[in-house]
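As written, the chains take the letters A, B, C and D, and residue 1 is the first residue of each chain.
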Amino acid sequence: MEKLEVLDKGKAEIHFTPPDEFRKFVRDRKNRAFEDKLMDEGEAVKKFVKNGDYLAYDFSSLTRGPQSLIREIIRQRIRNLWILAKFTLLESVLLAGAGCVDKIDVGFLGFGPYIAKKVQEGAVKVYDWSNGSVTYRLVAGAMGIPFIPARDLLGTDTLKHSGAVVVKDPFSNQPVALMPALNPDVAVIHVQEADIYGNARVYGPTVATLETAMASKRVIISAERIVETIEFREHPNWTTIPYYCVDAVVHAPFGSYPGGTQGYYEMDSEHYLKLTSIRTDEEMQSYLEEYIYSVDSHDEFLEKKIGISRLKELIQKSQILEGYR
Amino acid sequence: MEIEFTDTEFMICNAARLLEDNRTIFVGWGIPQVVAILAEKLYAPNIVQVFEFGAIGPLSRTPFLRGTMGGPSNTYRSLQWCSMNLAFSYAQAGYIDYGMLGAAQIDRYGNINSTMIGDDYEKPKVRFPGSGGGNEVASYCWKTIIVMAHEKRRFVERCDFITSPGHVIDGKTREELGLPAETGPYRVITSMGMFGFDEKTGELKLLGVMKGFTVEEVLEEMAIEPLVAEKVVELEPPTELELKTLREDIDPYGLIISKGRKIKMEV
Amino acid sequence: MEKLEVLDKGKAEIHFTPPDEFRKFVRDRKNRAFEDKLMDEGEAVKKFVKNGDYLAYDFSSLTRGPQSLIREIIRQRIRNLWILAKFTLLESVLLAGAGCVDKIDVGFLGFGPYIAKKVQEGAVKVYDWSNGSVTYRLVAGAMGIPFIPARDLLGTDTLKHSGAVVVKDPFSNQPVALMPALNPDVAVIHVQEADIYGNARVYGPTVATLETAMASKRVIISAERIVETIEFREHPNWTTIPYYCVDAVVHAPFGSYPGGTQGYYEMDSEHYLKLTSIRTDEEMQSYLEEYIYSVDSHDEFLEKKIGISRLKELIQKSQILEGYR
Amino acid sequence: MEIEFTDTEFMICNAARLLEDNRTIFVGWGIPQVVAILAEKLYAPNIVQVFEFGAIGPLSRTPFLRGTMGGPSNTYRSLQWCSMNLAFSYAQAGYIDYGMLGAAQIDRYGNINSTMIGDDYEKPKVRFPGSGGGNEVASYCWKTIIVMAHEKRRFVERCDFITSPGHVIDGKTREELGLPAETGPYRVITSMGMFGFDEKTGELKLLGVMKGFTVEEVLEEMAIEPLVAEKVVELEPPTELELKTLREDIDPYGLIISKGRKIKMEV
């Protein structure tokens, strides 16, 4: 029989779960029953995030990012994570600063000199992809297929340091890159609305919210509001994630803080600046101590470290509701 | 009359003048966003901005908010909010005319580096954030415009790391490598001039220099020697209207436009 | 270098457009300007449907199918079409009955003995795929990639009579079917709402509405209502098709008749029965004469052949609006 | 008391009794829809129906409307309306527990034919609509249940055309062919009995016969000889409640349930 020529191949180690292995996990460990999954973030992270996990999250620390869950992962001192820095901004900075991370698949590594230094020093190992290629990997993982072809990365050093494989397509006879499916061990996702079973709705750009949830073995959702299931059934076109993808639902108002969540509050630029100005490990440790380790929960963080008047300001700044409800 | 402007303002205005109306443009973070908004306000009222996180055709509010690219102000009244996969699919299928990106390094063939400086990948001298969506923008859009500061070390024979593809990579053309045909870097706007690429060889070619500078002065600030067009045009400094629009409307806090070298010029 | 083994291969002729060819068509012939594309169905079909085209449509003759456009194609006696019978019901029956069709890519061939007889007699040539695999082909076409892998068709006679290629996946080392991208020459799609530029919104299940529009060279949208563009900008999450995929917009109230459109009217079961009871070419010709050839337009069809009181009944039956606005 | 029912009603009731609560089920057109609704009303109030056109978890209204599978009544209050690609992706990624399909022919290994009868593909004796989404349902769902009339000619050694895969095709197992592991036909409910498949060989095995029939009578109506379980169970006819629910609530016009042979039985 004919063969398809392999033309090029990246050399990165890849986190790859054969589709059958992922399917069996879904069959045995995901739940199609309507089970109340509401819990606090401490319990959710304890149950569903483990040392050594491959972790994905969605959107960014500026907008609808799962910041309260990221902080809880840091608070529980989870170790040896391999993270997917897709369209990431400060998640990787914080997780690396807290010593949670060993490896990063880079779409966008994240902001600033602190994380760059971690890479330069070899404190974290990076594999270079791109936002598009890691998103395609999640799409393949979500579809239950082993890879997806795309016409990017081709020829670049990014390809060489990724895990993509270039073959000659049998239909067009042109080279095309195959992006291996990605099935993270765990995903943390922040949404505007969820019910207690895990049905979830996102307003605004969706990045890879659904694909990340479908492709991940364990999924923790945090939500600005917990709503009744009928809210989903009345507008089925707007459901972003169906409940059977989800393991835990956390009620987390201001869950994206210091980022914003559309329709709820704007980002806190001042707090954000504190983060982006971190240069040294000492500054990082003092930030982590002040805002994460010294409180027990997201609620306590909001109450003791941020305060109602600040939160009120951020709500006040968020006056564009059109499109978000 | 003497005007004063930053070289960032110069780049932004010249890039904005390049954009055609009634076209789609894939917009990278930061400077490209300001370029697109300026173009929309002054030259191309119907350009359709596309963002990788999933916003198509927003009527971005001003003042421009650097932080919340994906937030309500910048994505205001989009035609569609969608997924990253879909935003890139529009581009991969050929629907997106322009792409606009920054770069840390560029080489003779328009390959760009936004990943690292140094010769050891494991131990980079400087590490940057990496591709983001840059590789896809540079791979898929019909014409890619690169906007970058004009500094000697940024122009190299071969990038330390090719993050996103130019016209030729290590002797192979884009098309040979499987990239979409008839795409690639179209213009490079720097803080001193404007480049295109030779149609046959894909090599960087100086097309214009900022008014008040000579070709030699511009070439002096490059570690490689590019082709030079037979007739190098003079690039006008920012107009009063452009500066007013940038400074009063789009970026009143100077988050983007105040960066860079200040230039004074008689006009 | 290594090679990927080709394990099996269907023998169907395939309509395949190399991604670069499709891209160039999009660049040169699709329009990113905000141009008023409103026209009547006669003009739209005249301009954008040609003899010999590969034609796709979406959803079905029962629900939100582009029936008024299908009738116009028949009325203009377009010939030699190759059609995509994805989740089709009576579209293929009518188009084949009217002599418009040479070839059918079958997801679901369509109802009843009439179309079966056409195949048995060899009057139309069929290639067997499945609803899933032809949908994947559209997804690949919409993404601008040459194929998409999937774990269906494998081993079956459907595969043998399709155009899929089975290879050993380089990541999981398992056989997987590659479905070649499909880029139809023309697509006709019915929606609830569109603006004059072609932005379009669908309520209810979406089948492959967006993928079909993105993947097709020319796209005609018919819409129950023409709405202002601001209606899309106020709820960007609900936009199904962006204007730059679309070539023509036809205002077609009752455009799915005799099928229903959710939120507007229910299907006309009696008229539908007329169609499903067609057995012979004579019966078919008499149906076509009575309902299609003898009128000049969809408006005239509604007025002369159906009538206000019938339409009113169908509106009256359609009392579930929840979720459709 | 004497009851009367159609063999379609018998199939529907027996299939409905098989479904587990709190499971997802990919539902084919026609009889499977009625099975799912009956199960939801009587046995499995929390099953989640999945339809290929893109409806997840509707609370389908009754009476059941045959025509508008994708219309407002059948997709009422779904948890999600989505694309066909997404509906199949849920299944391909392992989220869908059951699939339910009809078939024109079935063979020894549970392969099913819904494409054509005859030995010449170009000139079929009878042509059916083809796969629809059947191939995906049979390929991806964990357990596929086939519901079909029990007629001699429908049980064959090898289908004239294998539309959707069973356990073994022309000597190769599902897994060898690349199909998802540990999936395949689970039960076949016919108008006379119920079959499973041998765990090792994947062969059709008679598990139950309708009360009042003997194993021999059921086997008599098959063109092949299946395996027979050591203990063949007796399948109960429809209960009074099942019939009342079907006839008064779900299908009062008898669009589906009135088809088939009428059976009278003393109970």
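Note that a residue touches a chain if its C-beta (ideal position, glycine included) is under 8 Å from a C-beta of that chain, and two chains touch if they have at least 3 such contacts.
If you're wondering where the values come from, they're calculated on a predicted model, not measured in any experiment.
Participant: Could you tell me which chains make contact with chain C and chain D both?
Facilitator: Output, common partners of chain C and chain D: A.
Participant: Of the chain pairs A-B and A-D, which one is connected by the greater count of C-beta contacts?
Facilitator: If we tally the contacting C-beta pairs, A-B comes out ahead.
Participant: For chain B and chain D, what's the span in angstrom between their mean Cα positions?
Facilitator: 58
Participant: Any idea how many Å lie between the Cα centroids of chain A and chain B?
Facilitator: Here chain A and chain B have centroids separated by 28 Å.
Participant: Mind checking the centre-to-centre distance between chain B and chain C? Centres are C-alpha means, answer in whole Å.
Facilitator: The computed centroid separation for chain B versus chain C comes out at 40 Å.
Participant: Identify all positions of chain D at which a residue touches two or more other chains, and write them in rising order.
Facilitator: Only 55, 75, 77-78, 81-82, 85, 92, 140, 180 qualify.
Participant: Out of chain A, which residues touch more than one other chain, so two or more?
Facilitator: Residues 19-20, 143-145, 150-151, 174, 176, 203-204, 206, 210, 234, 236-237, 322-323 of chain A each touch two or more of the other chains.
Participant: Graph of touching chains, which shape: line, ring, star, complete, other?
Facilitator: If you draw each chain as a dot and join those that touch, the picture is no line, ring, star or complete graph.
Participant: Name the touching chain pairs, would you?
Facilitator: Listed in label order, the chain pairs in contact are A-B, A-C, A-D, B-C, C-D.
Participant: Spell out the residues on chain D that touch chain C in their complex, using ranges where they run on.
Facilitator: 51-55, 67-73, 75-78, 81-85, 88, 92, 111, 115, 121-136, 139-140, 159, 161-165, 169-170, 172, 174, 176-180
Participant: Touching residues of chain A toward chain B in the complex: what are they?
Facilitator: 59-60, 62-64, 87, 106-111, 116-117, 119-120, 122, 126, 128-133, 135-136, 139, 150-158, 161, 166, 174-177, 203-211, 259-260, 262-263, 266-267, 269, 272, 318, 320, 322-324
Participant: Under the touch definition given earlier, write down the residues of chain A that touch chain D in their complex.
Facilitator: 19-20, 22-27, 30-34, 141-145, 199, 210, 214-215, 229-230, 232-234, 236-237, 239, 242-245
Participant: Of all residues in chain B, which touch chain C in the complex?
Facilitator: Residues of chain B touching chain C: 22-24, 46, 48, 55-57, 59, 75, 77-82, 85-86, 89-95, 97, 140, 142, 180-182.
Participant: Write out the stretch or stretches of chain A touching chain C in their complex.
Facilitator: Residues 1-7, 14, 16, 18-20, 143-151, 165, 167, 169-172, 174, 176, 178, 180-181, 203-204, 206, 234-238, 322-323 of chain A touch chain C in their complex.
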